[in-house]
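In the two complexes that follow, subunit A is the common piece, with subunit B as its partner first and subunit C second.
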Partner chain A sequence: MSSAFIPLLLDSLASAALIFFAAVGLTLVFSVLKVLNVAHGSLYSIGGYLAASLSLFVASRGLNPYFSFVALLLSAALVAAVLGPLLEATLIRWVCGKSEAVQILATFGLFLILEDLQRIIFGVQSYYEDTPMRLMGTTTLGGVVYLNYQLVLIGVALAVIFGLRFLIRHTRLGRLMAAVVADREMAQSIGINTDRIFLLAFSLGVFLAALGGALSTPTSGIAPGLGADTMVLAFAVAAIGGLGQIEGAALASLIVGVARVTAVYVAPEFDAVAPYAAMLVVLLVRPYGLLGTMKIRKV
Partner chain B sequence: MLGIVDLTVSIEGVRVLRNVGFELQDGKTTILIGRNGAGKTTTLRAIMGLVACDSGTIWLDGEHLEALPGYQRARLGIGYAPEDRRLIPDMSVEENMRLPMLALNLPKRETTDRLDEIYAMLPELHVMRARAAGSISGGQGKMVALGRALTVARKVLLLDEPFQGLAPALALEYARTLGQLRKHRPDLAILITESTPALLDRIADRTLQIERGEITDSSNHEVQTCISSSTVARETETIVSGSKSMRS
Partner chain C sequence: MVNVTGGLASVAFAVAVGLAAACSAQEKPGSLNFGIFTFTSGAAAAYGMPGKNAADLMIDRINAKGGIAGVPLKATYVDEAQGAQGVIAEYRRLAADPNNQVMIAALSSANCLALAPIAEQLQIPTVGWNCDTHQLLADGKGKYVFRPNGNTVPEFVAYAIYLLQRNPGAKSVAIINPDYAFGHDGAVIFKAALKALKPDIQIVAELYPKLGSPNYQTEISRLTTTRPDVVFSNLWGADLENFVRQAEPRGLFRSSQVILALGETVLQRVDLPDGVIVGVLGDGWWMSPDARANPAAADFSRAYKDRFGEYPVFPSLKMANSLIYIQAAYEAAMRRNGGKWPSRPELADAMKGSRVATLTGTTVTRADNDGVVDQIVGVTARSSGQPGVTISDMVRYRGDELMPKAGTDPIAWISTLTPEFASSLPKPGSYK
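Our next item is the complex of A and B:
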């Protein structure tokens, strides 16, 4: 029993970790900027493509294979540093404060542009570069073989959860972000440069998405369409967790991860539907998500 | 000194302020009186850069404000307490008051000094400093909003209808606090908006009337002595208000 259960749990957690990176960025950007960025999944896949390309470069040059770990982190940082400010200062700032329909249409347009740019730059073939995964090796425990890389994924996801909590509760930037989330206009009148907070929060969201994409390549490779798949999953997670809730996103990632992996183990044909079935059940019981609260309109 | 010249503001195509102009002198308390919808709040919001101006200028000690981004006001020493308080409910009272100083990145020492100064003026804030801002009453919230505005109000303090919705006892308490504040901060220029001036007679140095977006009347209380009742005050205003120009 345990020999089947533990791999399932580990796979679920690793899958949840990857979904979490995408979803937490989406939900962070939504809570600070009040913009639902439909192109968020593309940032995940761009992070993946860049990480795979850099890792392949490291391998082709015969550099120390441990550089491929650096390549993963570097690619996420690079995507965040370049695309974060670039997108925020242009399209995202423009849609800020506009109606949801405009936001969704404009960022969907951005999604299409980013998807085609990826096809132009990285081609349509899939990339597979598993050096980081192989370097980590495996652990055999009770007759079951684990990928150590999966444990690392889970560890990084936990570090992101606690890191974000720490950022928001105990750092200056985090407190100012919380103030902007609570009341944008008040934040401005007490001296907070809201534009700067928007830029930093958006770039942080991009970093988390790109980090998820980068970390996913060693185990699952990358191919066109990943951006769209990720986006839909991230939406499901954000909806289950309650938009704008970091702990909610973590919990919801877990639910979606477990649903997906259980489906793969038990009934593989339902693999794609399982996350939405979970979403349906949660939203039927809690329409505003697990940790979401109903927004009362002020009169 | 803060000055406004020929300020015109429209909100969604409707002209809310028309050629508004006045000056706030250092060390003086000015009351802006008008009915609901007369443009009191918009005047304060325009000073804070929260609404765009069609035309006109706003300056503070010779520096033009209208071209600066809104968040710069706090840095320049303008504190603002909005009518609806706008506290962050899940932060403590003290955290709410610390936020403006955090935004300005003040040194720790300066932050504690300013908080101590405010606690000395408003001891009730010290009592409730650890409570969540969401758990205090509306009247207490007004006090916290005043405290928060004071953390950055080095030059100008803007209070939007501070007495609105206050129970009579709290309103008296608040008026007493404003008197205290004047003693502690003799140089501060204060602008208070109100729809009923009754409680403010004793602390007002100057009264402005605003009607349908225009300043219709201004009076200097220094020329009057011993005004005890607000009705008398209002009658006096009409007599005194010969000069409509506020740029003296």
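Our next item is the complex of A and C:
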């Protein structure tokens, strides 16, 4: 087993990176808008479908294969630019401030609509597009061949964590978001356009979800059902980290990644339940998540 | 109590309708209606759609020749991706319609197991076109469920024999199969055969990822760290395609002898390296010597390619052979009753004990309704005369040699196999 330590570590980090991309947008949206967006997984899979479609277009037109990297980022940006404002200005703005039950039911309805739309637009067959993975080659570490793309994703996940920290703590937009999070009414009273902040925060959340889906395409297949699987995992990560906690989402992704990979290595029969067993343990000890704070309910 | 009474009334009504249909269906109908159950969406559609395509093509071809005794075929497709509850409901709905006289169900072993008792209850002949699990007909008491395309026992025993004939020095094996009945059954049979034929072989890892998993990177790392001589997998559909696409660049096919039990289904879509042991879970390979020598098979393959853009994979041939099986049963039943259109029980009687020439060989239906078909196994290779990857070093094992007698516990039978038995069988490369 000791010989498997390096592969176990690397696989845990690679797995955590993909899980983090799936969960961080959900956490960001909840932290600012206080909306539990059940349709988050669909935005992830739409990003994946669009990235695969654009990359396949690049390949079919005989364009420089390095354009497939551009396609990954462009697809996430397109999804955010189109669906972010559209959804926020309609359904999300309507459910903002309503009870959690209303939010969950409304966004679950949105999830069902988006899943059907994906079937209509992209069909029911799986999509594969691995050009970026093949362009980046492989590296042998701990006796196991790894895709350089997997290793780079770990770096990209770290960059997103630090980028979001910088955005929230050291930019004007971040401070405005913090003000809205702290007290929406007070923020409005001092002239902050909270609707605009909500729109930007939600669109950023959509971008992160779509980016996660797009970045997963070179190493995974995209097929109907991906959105539902992603949604469940993203909620587990958000619950472990503490709803609304970006650093918590990062830490929770690592825990879930380690739990799942260790299960595959040591007790594969528990592979599917390992992330949720980790969630159960954390919530038993800290019901509000690792970095979550206890909420005082006003009556 | 009201609900219970209502439920019983519904069941009684359904049975009454079914029995009425069974007894009164002596006049030739306007069309021969039937349900076809397969996956037309989701990850499993990569396997299910070739089956549906083959059904579409075969039905058109049979109808173009006047249908069966002048009656055109008309299929209603049911998507198995909706889950077992929906599949059962659809089956009951179709069976309750007296116009539906036979079913082709299903692709998923789990759905086959769920539908079998309902088929017996409603007395509707049901042809399991892809019901490979050996558990399906284990009790040998069914009258209406038939499986013309073989089961998991000969399918996976064939791989163990081929492996040891080709790599007699193999010492360690890792397994990665989907986490449901087909994956676990396949592993049990393959391990039992290896243990009987080469007792010192070690199983160093067994992984059962969730069906429909898009990412196998961790599993590939785990398989690599165990350094197995052999990696065996019966992943299928999009799962298989994902696994191959992810494992190939990571060198798994270079470091181990890989067996992909359903590998033929991805040969036209994925650039598999040479030397991978693949097969067709039966005899349904469109390029096999028998299929090439059969004008009907060659014609079907050409028509399939023209219509769908690729050649038929073995699920396509399983479906096509199932329709040929049903056609043969109708013709046999009508010969027996003086040319009258057969009832459901008469159709089932005609299937029992039948011997039907298919596009790719022969299927013999035993007394327990299980079909005996040959098993073709080979390795991937590039051929100068063929584009892409093909299968070489083929062997064709006789189906009856790899199946226990009806009523025998299959795992107990496998444990009686000996290395001498394996060495008495045809060798790799003998099927040309």
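Going forward, the second predicted complex is superposed on the first by the 289 of 299 C-alpha atoms of A that agree within 3 Å, B and C clash if a C-alpha of one lies under 4 Å from a C-alpha of the other, contacts with A are read in each partner's own complex, and residues count from 1 in each chain.
Rule of thumb we're sticking to: contacts are C-beta pairs under 8 Å (C-beta built on N, C-alpha and C of every residue); 3 or more make two chains touch, one makes a residue touch a chain.
All figures in this text were calculated on a predicted structure; none of them were measured in a lab.
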Subunit B and subunit C placed together on subunit A: clash or fit? fit
Margin query: Per the contact definition in the header, classify A:88: touching subunit B only (first), subunit C only (second), both, or neither.
Written below: neither
Applying the touch criterion given at the start, work out whether A:146 contacts subunit B, subunit C, both or neither, answering first, second, both or neither. second
Looking at A:182 after the superposition, I want to know if it touches subunit B, subunit C, both of them or none. Which is it: first, second, both, neither? first
First (subunit B), second (subunit C), both or neither touched by A:190
first
**Message:** Quick check on the superposed pair: does A:172 touch subunit B, subunit C, both, or neither? Answer first, second, both or neither.
**Reply:** first
The answer to whether subunit B or subunit C touches more of subunit A is C
Rounded to the nearest 10 degrees, the Cα-centre angle subunit B-subunit A-subunit C in the superposed arrangement comes to 150
Looking at the overlay, what does A:130 touch: subunit B (first), subunit C (second), both, or neither?
second
For subunit B relative to subunit C post-fit, closest CA-CA distance rounded to the angstrom comes to 41
Both subunit B and subunit C touch subunit A at residues none
Note: in the complex, subunit A contacts subunit C through residues 3-4, 7, 10-11, 14-15, 18, 119, 124-126, 128, 130, 133-134, 138, 142-147, 150, 216, 219-226, 260-261, 264-265, 268-269, 271-272
Given the complex, residues on subunit B that touch subunit A span 48-50, 69-75, 80, 82, 86, 88-91, 95, 99-100, 102-105, 148, 152
Contacts from subunit A onto subunit B in the complex sit at residues 172, 175-176, 178-179, 182-183, 185-195
The answer for subunit C against subunit A in the complex is residues 40-43, 45-46, 49, 81, 179, 205-210, 212, 214-215, 217-219, 221-222, 224-225, 238, 241-242, 245-246, 249-251
